[in-house]
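Naming follows writing order (A, B, C, D, E and F), and every chain is counted from residue 1.
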Amino acid sequence: MKLITAVIKPFKIDDVKDALKTAGVQGMTVTEVKGFGRQGGHTETYRGAEYQIDLVPKVRIELVVDDSVANNVVDVIRQAASTGKIGDGKIWVTAVEQIVRIRTGEQGSDAI
Amino acid sequence: MSILLADIDTGATAWVLISTALVAFMTPGLAFFYGGMVRSKNMLGMLMQNFFAMGLISVIWAAVGFSLAFGGSGQYIGNLDFIFMKDLAKIAELPGYTGDFGLVIPILAFFAYQMMFAVITPALITGATADRMKFSAYAVLIGVWSILVYPIVARWVFSPNGWLFKRGALDFAGGAVVHINAGAAALAVVLVLGKRRGWPRDAMPPHNLPFTMLGTGILWFGWFGFNAGSALGANGLAAQALVNTHLAAASAMLVWLVVEKLRAGHATSLGAASGAVAGLVAITPCAGFVGGASPIIIGAVAGAVCYLCLSLKTKFGFDDSLDVIAVHLVGGIVGAMLLGVFADTAVNSLGADGLFLGGGASLLGDQFIAVVATLVFSFVVTGIAAIAIDRTIGLRVSTEDELIGLDQSQHAETAYQS
Amino acid sequence: MSILLADIDTGATAWVLISTALVAFMTPGLAFFYGGMVRSKNMLGMLMQNFFAMGLISVIWAAVGFSLAFGGSGQYIGNLDFIFMKDLAKIAELPGYTGDFGLVIPILAFFAYQMMFAVITPALITGATADRMKFSAYAVLIGVWSILVYPIVARWVFSPNGWLFKRGALDFAGGAVVHINAGAAALAVVLVLGKRRGWPRDAMPPHNLPFTMLGTGILWFGWFGFNAGSALGANGLAAQALVNTHLAAASAMLVWLVVEKLRAGHATSLGAASGAVAGLVAITPCAGFVGGASPIIIGAVAGAVCYLCLSLKTKFGFDDSLDVIAVHLVGGIVGAMLLGVFADTAVNSLGADGLFLGGGASLLGDQFIAVVATLVFSFVVTGIAAIAIDRTIGLRVSTEDELIGLDQSQHAETAYQS
Amino acid sequence: MSILLADIDTGATAWVLISTALVAFMTPGLAFFYGGMVRSKNMLGMLMQNFFAMGLISVIWAAVGFSLAFGGSGQYIGNLDFIFMKDLAKIAELPGYTGDFGLVIPILAFFAYQMMFAVITPALITGATADRMKFSAYAVLIGVWSILVYPIVARWVFSPNGWLFKRGALDFAGGAVVHINAGAAALAVVLVLGKRRGWPRDAMPPHNLPFTMLGTGILWFGWFGFNAGSALGANGLAAQALVNTHLAAASAMLVWLVVEKLRAGHATSLGAASGAVAGLVAITPCAGFVGGASPIIIGAVAGAVCYLCLSLKTKFGFDDSLDVIAVHLVGGIVGAMLLGVFADTAVNSLGADGLFLGGGASLLGDQFIAVVATLVFSFVVTGIAAIAIDRTIGLRVSTEDELIGLDQSQHAETAYQS
Amino acid sequence: MKLITAVIKPFKIDDVKDALKTAGVQGMTVTEVKGFGRQGGHTETYRGAEYQIDLVPKVRIELVVDDSVANNVVDVIRQAASTGKIGDGKIWVTAVEQIVRIRTGEQGSDAI
Amino acid sequence: MKLITAVIKPFKIDDVKDALKTAGVQGMTVTEVKGFGRQGGHTETYRGAEYQIDLVPKVRIELVVDDSVANNVVDVIRQAASTGKIGDGKIWVTAVEQIVRIRTGEQGSDAI
């Protein structure tokens, strides 16, 4: 199994979720995060002073999937999350050794 | 009901009572105005300092403050005739408040109204010292201040027996007594206290601007009581003061936003809030002495000047965290001096005519003296008090406590949890 | 104090001054009522638009608005006699306000009170246009509106010299002048502006319902000044108006919740807030003209009808983001028309008797004319203004800016940070 | 305007009208005071219960409550003369309110003012039952309570025709009618309802203390209307009540903080808020009957005693979630009994002299009877009502719903979203 | 060493924390997240319109442990977090190559 | 490629960000979390009752880097985040199998 982690633009979360549902993904976990990257940040103004805010709001998605579908899922996310503009984010994949469904104790593919 | 007095005007009393409540509501308003601007770890510290002023200063005011400000016939300080409100429910008139200045409201109403001014004035200092002052040191400082500074300046300026009042200096609702006084004190404390760790290098953006806007709304609302209540009657003068108050806030907001847009590229909500407050500060001394379009002009000048003075702190390197000096000290001075220009006896026959209304420069001179006297007195006495506290119990929290934040280190609380 | 006039009632003055403050406080209240309902990235944009109205409209009102509404003797528009408050502190009476309509308060108090109505009316529009309007375009729009629309309608309906007033149409505190007027304008702007990106497909749930509740509390509180202050005296009529105001809000809340529970399965806090506001809107024209249990009935009808009109926007496909049309336009019409049914000269001899009190349908007819005249005039003039602004500087932010949110794109700020 | 009566004092009317608005604003204030203390998943549940009281109780009050409390000449209960406000706009005087007790305000103003007390009293209960009560059960409970409990106690204590009033028990603004009454009811409901899941093992810290502070600010502000408005005039008595109110809050805050610092190691912002409210509660019965430094003493006692009573709930194992019993029941009793000690006819000739002012123990005895009568009556009737509701529709949400939180389970809403 | 990531119901966090303490675990990191899964979401009502909210609040725990105790820790979490109802969450395990304690620079097991 | 995850004290985030920038790191993702560990928590006081809060605010940083620089990045973070006091946090490293830049579809080192 693989853990796919994607960091995307916040307003893309609905599109990505819908695309993943369509692709048959049954679960994922979402975190509000801030990202630092090439996109750079933006300037905020407080009482005449300008501050460079280089951490911009992003959404982080993580989902564990079977090896067989991992590549496809990465593609689905990429397509749904892409706007073609800088700051669209990253997707990375790591190996998962074990997964357990808390409710039932099922393991492996059954637990996803 | 035995304390009903024959010559009391019930309309005036109703207006002063509700104005008292409005001014009391300003301190919570100020707490949110400032609280929204600090980082979340210092939110409760800020709120607490302001609410605590409502507790401590009120009791001190009842005990000695009012008496020091309004007792007896001295020019520089009152006496102890009224400690713990002694006789206030019984006496027929307050020293100095006779003839033209006679009160048509119960003296206890006047006492209560003035109490709320005494409370909010030291609370203004919290904006300058944000994020790094020990709670115990703060308590001592404002306690001392409310005995040694506030009642004295109130005596000089507000009481018909005070030397500045007698000279002819005008201050309708506290440009000097409240804003210059608190602003000068803030400057003194900040110099003793030192900068926040990381300032000015690190950005310390407001953690909750909606709270700052809420505070602004409450302050604006309360300021109608602050300024128009100072007419001490429900009459045309109160209406004039209310109109002036609102229009000065409005015009200062607009001008601040325009200057901000031109210089920093955006009109911000914090700018709208700050501009409005700057206008409210500047109109405070003028509210019952000017008329016509003057409040619009006074607000406009305050909006621009206060905005431009924001950079003083970085230039001179004092960390006035939330700009009490640029807004209250500078705004108060702008108002006090412009009053020398725009005052109009057609609006208030107990006032004077300013430069533009044919009164010559004499009022301007008196205003200048009042500004300087207040500023110097407050700065010096507060500075000495701050140094004394610093040398004894210490003014400032430890670095560790500053990093953790005041909420946890001073009050063992967390502002926001799920 | 020279501007004290002999025939001024201090109790009435106290009440109108505090009512003025209460109405002024409603605009910040509205800001939070709406602000809580937008997504957090647009929070400051919403607050800013409302606070900015307090700045801009107040100055415009002082400059020309009041004069256009209340100057001279014209039936359709005032004149420029009172620009920049000229003579307001001096004149003995305001055109039309004589005899039965004579004022017992300083004219400046009346000016200030009316100013707060002029401020909040265009601010109501911000609920419909939420999340997508350029700040600069908004500023121009409400500026223009406050000269070309608001004072004209105020003249027609509020001034004893206005044609609708003379006809016999009744509007105690602004059902037509404020709510129908703003609601019609909101509809016009929304049609020009277009839908929010993603509407109605995406859920755009309120980001902070507690703020919406806070706003509701402030609005309700302020509305006592709005409606009962319109008695322009501290008397039985003011008490009646206050009672009516409160009971209509209460009953509209209950009915809204019941209908909501039946149709959507839950009684929600947003429903309680919305119902209360709907009731407050509907009782506004009626407050000083009806008595007995009428306010309960008027509130109940408004609660149900406004709830049912929520679906109009999805049916007809206009994106009235926070339901200004269902609540203010519809609620205002409900109130104006029910006044034709429940008005009672036993409550207010300057009013009329409605259908149920033996007055026949004549008042109903006049109310209908006032509704239609206000609605059409406001819709047309606002629509033209909106189109003109759209063709020149553009009404709407770019898609990019809409996605980022107004806070950052328009004001370079973030509402909440740690 | 036909309902203007000759002997109405406009100043008094202005003051009572604005006091009415202030008291109305306290219920939203209470909502935030409590709301800030619950966990975020129950925030809207708390706000909703309080706002809903404004809807439901107001309508019940107009329908029967006022009439049961103030109609007719019975000692124990009113009658149905005034159902749906019948005749209130017309009658010249209210039963019992004659001679020394004659009203100088419109009877509808008195009706409205009393209505706001009727609303906030059951709302106080929500603090004790937080986080686990079914919304429907709550609605039924407070509806029943506002007919069977509140008007009866109000009759006994407030109406000059009531048996406790006639006996000589004093209650200026509702120490018994509001605070003891609500506190005893809260205790009864909590005993029937049971503990929150996890209490007292799990920490359930306040989710948003700034909201609690905001609520405190609004409550304090509104309390000026609550207590000083109860003078029903704009006079020296109202001023005295206002002064007393403020000073008691201030001194209770200080003492609470000192005790807290000594016992728990820190002076907290929640402590400042709680102390102030405890002082406000305790001064409520006393506000218009005591003078001099008494309010400072009364506040100080309340601050210490209420703090020390916080531990009762863990000792006796009842889950009074937000300490309604320690603050309102205990604070109300402290105030009612201390009034027997500090009451002073020099302040209010319609009052009595307490123990310390040479009046002997007779007032103390009457106060004791009033406390016990109110407490027992409210506890018993409320307990029966709560049991009846529990046996029929059920008082408590399911475990599942409690875990999810009231916002989602009862109202299908979420308080905070991005 | 292993990184154990668990997504659980929010009200279970205290139970899980206590169970882990008892089991000798000395550290962990907790994040508020939202989960999408079989549990489905809930319906929220705003002004008459119903919205399906399919992201429900969850808490995410991550802890690095020695290989030897990993299985046991997974079990402990599973037992403490389980309610038997749908939506109880998942636990997954990945391999950690290195761990450093910032304060001391210690590495490996010593750093945990 | 490696995924480096660091849990640090919140007030150290600016120092760490600056140090990483200087070290040439071009992107990272930041999450507000709460930590449980040896540092213990603190006591909070509510109405006379004291609660032990053992979850303390921390910031979690994650960044994917090339294998070659991983050790260096770990060091940089360690130095910048260290105060020498208990509770400074941990850094752990896991293997990343694949990384994709959403905007361009680039993979591997190019995507970082």
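Throughout what follows, a contact is a pair of C-beta atoms (placed from the backbone, for glycine too) under 8 Å apart; a residue touches a chain by one contact, two chains touch by 3 or more.
Everything numeric in this text was worked out from a predicted model, so none of it was measured.
Colleague: Assuming a repeat means more than half of the contact pairs shared by residue number, which candidate in A-C, C-E or A-B repeats B-F?
Modeller: A-C
Colleague: Same or different, please, for the chain A to chain E contact, judged on whether over half of the interface numbers appear on both copies.
Modeller: different
Colleague: If you average the CA atoms of chain E and of chain F, how far apart do the two points sit, in angstrom?
Modeller: Computed value for the inter-centroid distance: 18 Å.
Colleague: With chain centres taken as the means of their Cα atoms, state the distance from chain C to chain D in Å.
Modeller: Roughly 33 Å, centre to centre.
Colleague: Hey, how far is the Cα centre of chain D from the one of chain E, in Å?
Modeller: Taking the mean C-alpha position of each chain, the two centres sit 45 Å apart.
Colleague: By the touch rule stated above, which residues of chain B touch at least two different other chains?
Modeller: Within chain B, residues 9-12, 14-15, 18, 205-206, 208, 214, 218, 234, 264-266, 268, 270, 411-414, 418 contact more than one other chain.
Colleague: Listing for chain E: what residues touch at least two other chains?
Modeller: 31-32, 44-46, 53, 94-95
Colleague: Under the touch definition given earlier, write down the residues of chain A that touch chain F in their complex.
Modeller: 2, 6-8, 31-38, 54-55, 58, 60, 74, 77-78, 81-95
Colleague: Would you pull the chain A residues touching chain B in the complex into a rising list?
Modeller: These residues of chain A touch chain B: 44-53.
Colleague: Once bound in the complex, which stretches of chain C touch chain D?
Modeller: 9-12, 14-15, 18, 22, 39-41, 205-210, 213-214, 216-218, 220-221, 224-225, 228, 231, 233-240, 242-243, 246-247, 249-251, 253-254, 257, 264-270, 272-273, 275-276, 291-293, 296, 345-350
Colleague: Would you pull the chain E residues touching chain F in the complex into a rising list?
Modeller: Contact set of chain E toward chain F: 1, 3, 17, 26-31, 64, 94-103, 105, 111-112.
Colleague: Sort out for me which residues of chain B touch chain A in the complex.
Modeller: Touch residues, chain B against chain A: 203, 205-206, 260, 263-266, 268, 270-271, 274, 307, 310-311, 314, 323.
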